[in-house]
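Pasting the structures in now, so scroll down.
Same chain, two partners: chain A is paired with chain B first, then with chain C.
Let's turn to the complex of A and B:
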């Protein structure tokens, strides 16, 4: 497989950049193989749907994380933000759809505002988003102190949609990755975002405002966070503000697995999709392997470290 | 068409009595300069003469404190700072480039020239434009618009930067800041050919370079910047290199007779034990360099910037290869104090003592009293303003530099490596530091000193002059003079066969 890739890819530099995603893809394939050897049903449409569905909200949240990491920031509030969205969609969106929709739009606007504040006040994004994460948590607990509620009918329908012929979760994963790809890699907006992460001085000298670029990135991240929350609510059928708190660090890991960088400048939507699915699959594999649930986090961490180490090794070889 | 002679085109950009002050440093002290359509104006000046500040003001990146900047006779230095729209036809290629390394070449073109690109399918338009211009300016460049800038070589990045600056629908003034620094001779030649076609079409070009011979061969007029003001403007025709150097006031501080004799005495002792030695070292940027540093010797690395001097320092700092031997410990004084020199959150005392701390400590425990004494000693010796307890960033650049130099000498290192540490430092500080270097050498410490200012080399016992990664001359004692160094480093007779042998 890697031979095929090598002949298809034009340059060594390009290979070096896609290497992390390739390593993740190899890990993904390996895990699917393990699953299939334990449970042959996994490779059927129904089995794949079951296995992949849990990864969809994670992958979308990881795309949000990537949007921020492409400008060189990091979002430590995305987990609670996704949780807050599930709460809104399980309460307000059911009782009064218009207010609910406006609330969700307001949450996106809040992200944009957060980006502007981070830029203007020169607060490290790490601190600002960490602070914001407690705001999201507080708001979620205020609206829905205990997990519960029910999702709107259209959302529930989407959650239980079972097309014949292909696993349903693939569709949102691919569509979101495509949209994010067009936005961050192909459009002028994406050039602004990556330019900000790459060399803000050059951006400024060219007369482009870094503030605008950062606000765009945060708006994109907020919108993707809302989508992620809606998908999560459609699957769980209710709202729980802490249902996605593990996403915060998982999304960062997914971006790194997909070939992103902490320093900004790069946008790797396809890699992030692969990295996110890989991470999501780890827990499936572990439960199929009958790993004790209290050991799962540790084993998950070891697997992530192993994949990251593989990325480093491949990067060194290709240098 | 011969566009080399003096020509009186209409002025494109005019600076009138422009001043600019950063903190306590007066970068520009009333600059009057006129750039006319269709001419190449060379701007020369020593390091710290205010070249880069003047460039930023002329390119509309910064407002001036007093005076005015006129573009096409219209005053554009408004109260609220320069507006981008007024300066759209003034473009600048930066020495350190102004590209985003993570973006492709075409995307970088969009960033800087988006006003001239269609809203849709801009990627293709930018790719076509940059490919065409690169072919025109630098035949055989080997750059694809889809390449990421980070994957390009230094020379290719410079080419893209210059192309980026030139790509605009209307170009009145192109400012080239040290454009040939990382370009090979062929690329430099084709760049200047293109510059001539530009000026023939009425564009003005402002060329900043410390390669004076190059400036004289390309420019119509030469303006000399000195201490923040234009002190001379001459037609390039009939002007010699020595004339320009004289106009620049090429002297920093003449070493006293006593130092001279000390230096001479030092060279008499030829058989001192070698502290460090390079034997035919070859690496990227180095071609068979051999040099020797004796105990208590001040060895200078001279020549134009970027000819391999820093690679030698790097070798001595990390002697990993067989061809390098270094005895004892080393201390390194970086030139870029903002990036690799100061620890910005720490005080002067902490910045100064951080290297020596381990030597002073007893069984891993710091000894504050001894440290304080050492710091106090150095602060007094170099008269560092602000004292030991001031935050390092509260100090002026010169004083910060004193701290960094003191840090190296406060350590017990037997060999001190100086990486052009006195750039942009005022004359008084320099004189203090030169004296310090000689004192320390007299006590048996060795110093390897790379400097972009040839005049500083007079303080050395022995000077190796570099060009294209090779030592082209070794000067000892009385042979060391600025004229001599310049003569050797500009002497291009053997460079061509060096290129061929490559």
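Let's turn to the complex of A and C:
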């Protein structure tokens, strides 16, 4: 009887794996509750749209970060990369859509090349992506020295799309999380990526090429970075290479909040979506609470630490 | 045939690159290079101080990085100038800057060791707290840097800034610290293999805590001096996050930890400062500056390559199955049958 009960419950290992995301989800629910108690309109469709829309590009960029962290790498250039994409979208993509689209494809290819070089030259991803972040910043400033430009019409239409039944920002968050889930957790490619993160030797012994796995991860990250930049551009209505510079570290925090790890081997797209929204909501809560804008980043830091401390406690209880 | 001997001294590359850039500057400007060197020596020490702290942190092993140096520099700038103005003593001001750096590092250390938060997140969170305090302090900040300290930082007997000599002494101190003290040897041991160091009885937690506190103190010192040299501002430290990591790596310190090259920080620091000078001389835009800097970091990195991934997989090799010979020994039983 107790055996039956035990098999009906999720396994301990599974609980330990999902616990971080659950802790983040609790934090998210708590923040939504605080928002709703302060301003009851937040829970309406319009309110949720307003609150969530700012988090969408961050969440998508966090999925890009997760793709790299699943192979055990870290991307310190994603913030400037997303900024560069907004610049391309505000300039070339408006004036000549074909060249713009090719440029964006080229940027994804550049990410794949970066991954290949990181693998072949055995250099730490941390430093290589840090160097690449200067390159993205330079390219962005080169194309558009001061913030400005406009948005392609189709992108602006997407940005201002307001369906009646549900908050529009939920759609990109869920669709991207689903795609990343299918890719990293359910497909053969995902097995290779996670295999590279958890045990590269085993991957090689299985006759699969670690180089291919790393290049795939970087390509996925580059493509998601482009999507994140396009969404950000659709919201801001222009391009600014430094508009997303805070994303670099925020995406890492979102992945950690969602249950990812620095050692690779795990892919947690749903957790990342929750972690990213949680981080993005912090500033909304703080402005509703009338916290001085000066103190917002401090509270953000403290909340990240508090959620991670909660994780440690939960992890100890489950052990 | 000497190539191997040169490559085995990883700090040589930073200096070689610095000399190359210096030669280009001389060729373009057509003036004596002495003034350029003097100027580089008066700007590089700030980068070297914060770089030395970052170097110690990176040496502590994979995953260790201090991303709070930039906010600490900005905060320490305001704190030191404010304290110096209210107490009238520049020394107390500098000490206040160092103290602020240590305080921020205490937050990171408690999070890293007490809550097992990954260092990049812990220092990020501590940095966010610091930058909030900075913004609050910056509001209506009127104090001006101590003129005495500023003069001292500008003194250049025979073209060599006093600060450069002091930081050279600090570098020598760090070398002695790493080679001759229990802490230094422990830090390198922890960086090479944390678990082995633990088993050997090294107090790993204490070593790591000390390392982050020293990095915070050095970043605070940088902020205090930089604010006196230029002026306190909220983005005083911004460029030093990326630059401090870059000079450590270009200087030859292993990013996977376990090998520190303090002299290399000087070479790479001079290289970065001279590169800025060259780009300004040519009149390139900030866009080109960034492209050049990023391209160079990537070029040096991919040219030098690294073997750090081999270190990560070495421990996994232990688990490979035993040689096939072990399974064939059972054939002996068949004789009786």
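We adopt the following convention: the second predicted complex is superposed on the first by the 310 of 319 C-alpha atoms of A that agree within 3 Å, B and C clash if a C-alpha of one lies under 4 Å from a C-alpha of the other, contacts with A are read in each partner's own complex, and residues count from 1 in each chain.
The working rule: a residue touches a chain if its C-beta (ideal position, glycine included) is under 8 Å from a C-beta of that chain, and two chains touch if they have at least 3 such contacts.
Note that the structure is predicted; figures quoted are calculated from it, not measured.
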TODO: Go through the superposed model and pick first if A:175 touches only chain B, second if only chain C, both, or neither.
DONE: neither
Max touched-residue count on chain A (chain B vs chain C) belongs to chain C
Self-check item: Partner chain in contact with A:128 - chain B first, chain C second, else both or neither
Solution: second
Checklist line | First (chain B), second (chain C), both or neither touched by A:105 | finding: neither
*Could you say whether A:304 touches chain B, chain C, both of them, or neither, answering first, second, both or neither?*
second
Quick check for you: in the superposed arrangement, does A:265 touch first (chain B), second (chain C), both or neither?
first
Exercise. Once the shared chain is lined up, is A:294 touching chain B (first), chain C (second), both, or neither of them?
Worked result: second
Is A:201 touching the first partner chain B, the second partner chain C, both, or neither of them? both
Problem set entry | First, second, both or neither for A:191, with chain B first and chain C second | first
Dual-contact residues of chain A, meaning touching chain B and chain C, are 199, 201-202
As the complex stands, chain B meets chain A at residues 61, 84, 94, 98-103, 107-108, 110-112, 114, 122-123, 147-148, 150-151
So, in the complex, the side of chain C touching chain A is made of residues 63, 65, 67, 111, 115-118, 120-122, 124-129, 131-133, 135-136, 139, 242, 245-246, 249, 255-256, 285-295, 297-298, 301-302, 304-310, 313, 316-317, 320
In the complex, the residues of chain A that touch chain C are 74, 117, 121-124, 126-128, 130-142, 145, 199-202, 249, 252-253, 256, 262, 292, 294-302, 304-305, 308-309, 312
Counting only contacts in the complex, chain A reaches chain B at residues 11, 13, 186, 188, 191-192, 194-195, 197-199, 201-203, 205-208, 264-266
